[in-house]
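I've put the structures underneath this note.
The two complexes that follow have chain A in common; it is paired with chain B in the first and with chain C in the second.
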Partner chain A sequence: MKVKLSKMKLRPKFMSSKKGFIFTLDVALGIIISLMVIAVSVYFMTRGSESSLPQYQLLTTGSDIITVLDKQNVFDALNPSTIENQMGILLPSRYGMLIRIQGNFSQSGGIIEAGDEIPLRVNTLTGRRIALIDPDTYIKITYFMWVKPQ
Partner chain B sequence: MTLSPITDSRKMMKSKRGILYTFGLTLFVLVLLAVSILVFKQSYSANERFTELSGRQKVYDLEQSLEKVFEKILASKTDIKISRGLNFFNINQSLPQNLSNVTAILITISDNVNRDFPFFKLNATLFVQEPKIIFKPSNIEYIPQNNKRIIVKPTDSNSSNNILGYDIILNFNYNITSCTNSNQAGSRLKISVTAISPFGSCIIPSTTLNSVYMDLISEGKNTLILIDNGNSSLSLQSDNNIKTSINVLITPLTEEGYFEWPITETVNETSISLTKITNVRID
Partner chain C sequence: MDKWNVLKKLGTKFKHSSRTKQGQVFFTDVTFSLIVFVIVFIFFLVLWNMYMEQLLDNVEREEMELLAFQVTDIFVNTPGAPNNWEEGADASNNIMSLGITTKDRELSPSKVQRMFALNYTELKKTLNLERYNLYLTLRHSNRTIINQTGFIPTNISTQQVSVRRLVMDGAEPREVGLILWK
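So, the complex of A and B:
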């Protein structure tokens, strides 16, 4: 009976240490998989929230600013500092903007730019409009919009 | 002997707990996977939405800026002024009216736009052939023709009922020496004509008529107004230098009216599978 009992006591000890190891391994593996899944989820969630309405709002802000500047005939003089000043009044402080005007005019070889310099490693959105400035000059306006890094 | 059933039940309990743990963990991971798939789908659809919105913004930007350009051309190259209300639209202009400057700049604009925007095709051929302004959705055309003539007519026979009448005001620089009119009484159109000159005027007070024929002479030159019973069209031809104001009374529609030029814009934006052909709007 004594021998039998000691055998019985030994088996559960051996079994439970093995079980504990497997259980730890299982937990570790589970945690790794869970973390991976969470990381992927967070990555996609961040990307999803980044690239929709706020981005679109950035684009429409640029479009609205160009519309207002055109309505105010700011482009007529083709003066970068005037354009920049007027743009600064309308542009929200968190946003950066660059306006490029191309057309058949003698000034600066037909290209002038006004606004901030596009920073590196920043997601930039682009839109294009056209306008007519005196006398009968067709211009193409390209605007670049981005959110200023904090 | 009494211990063995307890050990068995403990063993069974332990194995059941293990199954429960495994099942719970599997469920947890499955839920996480489902959430991640949902988030991925949400992110994908958000990306798609952004692509579509930015594509539409691209088209809107060009259409709206074109509208502004054409409004500017109308304001700077002609003295035509347009306005509208719920039950009328009004066009002021002087005669003679030379529209060759307008057509020339329109061709330049079209060429530039077609070069700079591959997804967009602007065709001004119809306008160059016959410059006109179309009032939508009533489908009434205003045609300044041959410098000395203005025609207002419905685009098709179905739209003739949209014209309810005309208020016409003509301002002559010199005296009106003769005024003849022969009108057909009826209840079809509400018409008033006021021709003013420095000395003397000729007036048809606001009344309902079927047709109008009016011949005015100033400086020995004729100005002729014809309003047709058939399709409610108006023809105004003048050899004089006059200022005209034509108020077209229309059937009020639920949709707000707007003006457009017969310049077709064809949009083919492949990124959002958008294809459409419309006329250029001016407002």
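So, the complex of A and C:
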């Protein structure tokens, strides 16, 4: 009889604390979900608002440089140092550029490279142009552009 | 007073005090919840306001970027429309698009001369950039200015976008620069 009474006294107390625990868990879960939703929204809003101008500017700069060099017939001699010098005149100082020329020519096994070395862990944009260096020879020019780390 | 009466009085007192305490607890609970709610609500309002402002700024900036790129692309890649827009005394009335090259990235000196001769309002109207201010330059490859028109951005300008394109002027490389600002 004594044991039964003590059990009856204990039960409501135990029940109420369990309810409190469930309620706290519910609130915590709700807060976590809300915070996750807010964090994801903020992340996508920030990503969506990133400007594409620097990338487009970088790519058009590369395209312009290759076009100008082609019009100046700089690629005709297939001389890496001449290409690098002319490229250096046109390239803004904050940008890095590597030009790779591939074609059916004997020099350097048909591949010439001029410009900087592509740094590690830097986003690089690439473009391509086909040019004629004489009536029978065409070359494939691939250019790599990046923003120099500060 | 006998024992029974004392106990009765104490019981009544206890009943009254426990009721009042319950009311106090409820009131504190509501006040606390309200304070928390108001703080959270204000936080969200400030956050929302901040992001809306940023979003609107970004939308405007992107529009300016797009316009600047379109205008400079037309400058350096097309002869404009009509093809001979630079001819005639009142050229600005007939211009449909303003291009300054004879072919891809090869400047036409007469078109360049005519474009820099247009007055600021005419130029903005022709380029469909009446909402913004602009500063247009033609430079040597060493960045010295050959020709310029428009206004340099002031310290109070809120938004500005700058685009530079390379072109050939005969055998020499040149740089066409456009700064769009407001």
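Note that the second predicted complex is superposed on the first by the 98 of 150 C-alpha atoms of A that agree within 3 Å, B and C clash if a C-alpha of one lies under 4 Å from a C-alpha of the other, contacts with A are read in each partner's own complex, and residues count from 1 in each chain.
Basically, a residue touches a chain if its C-beta (ideal position, glycine included) is under 8 Å from a C-beta of that chain, and two chains touch if they have at least 3 such contacts.
Being a predicted model, the structure only gives us computed values, none of them experimental.
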Touching partner for A:72 - first (chain B), second (chain C), both, neither: second
Which superposed partner A:56 touches (first chain B, second chain C, both, neither): both
Touched partner set for A:128, first chain B, second chain C, both or neither: first
First (chain B), second (chain C), both or neither touched by A:64: second
Partner chain in contact with A:33 - chain B first, chain C second, else both or neither: first
Touching partner for A:140 - first (chain B), second (chain C), both, neither: first
Touching both chain B and chain C, residues of chain A: 45, 49, 51-53, 56, 60, 67, 71
Residue ranges of chain A touching chain B (in the complex, touch as defined): 26, 30, 33-34, 37-38, 40-41, 44-45, 47-49, 51-53, 55-56, 59-60, 63, 66-67, 70-71, 125, 127-132, 134, 136, 138, 140
Touching residues on chain C, where the partner in the complex is chain A: 51, 54-55, 58, 61-62, 65, 69, 76, 104-106, 141, 161, 163-168, 171, 173
Residues of chain B that touch chain A when the two form their complex: 22, 25, 28-29, 32-33, 35-36, 39-40, 42-44, 46-47, 49-50, 53-54, 57-58, 60-62, 64-66, 68-69, 72-73, 76, 105, 108-109, 112-113, 116-117
Chain C contact footprint on chain A (complex, rising order): 42, 45, 49, 51-53, 56-57, 60-61, 64-65, 67-68, 71-72, 89-90, 92
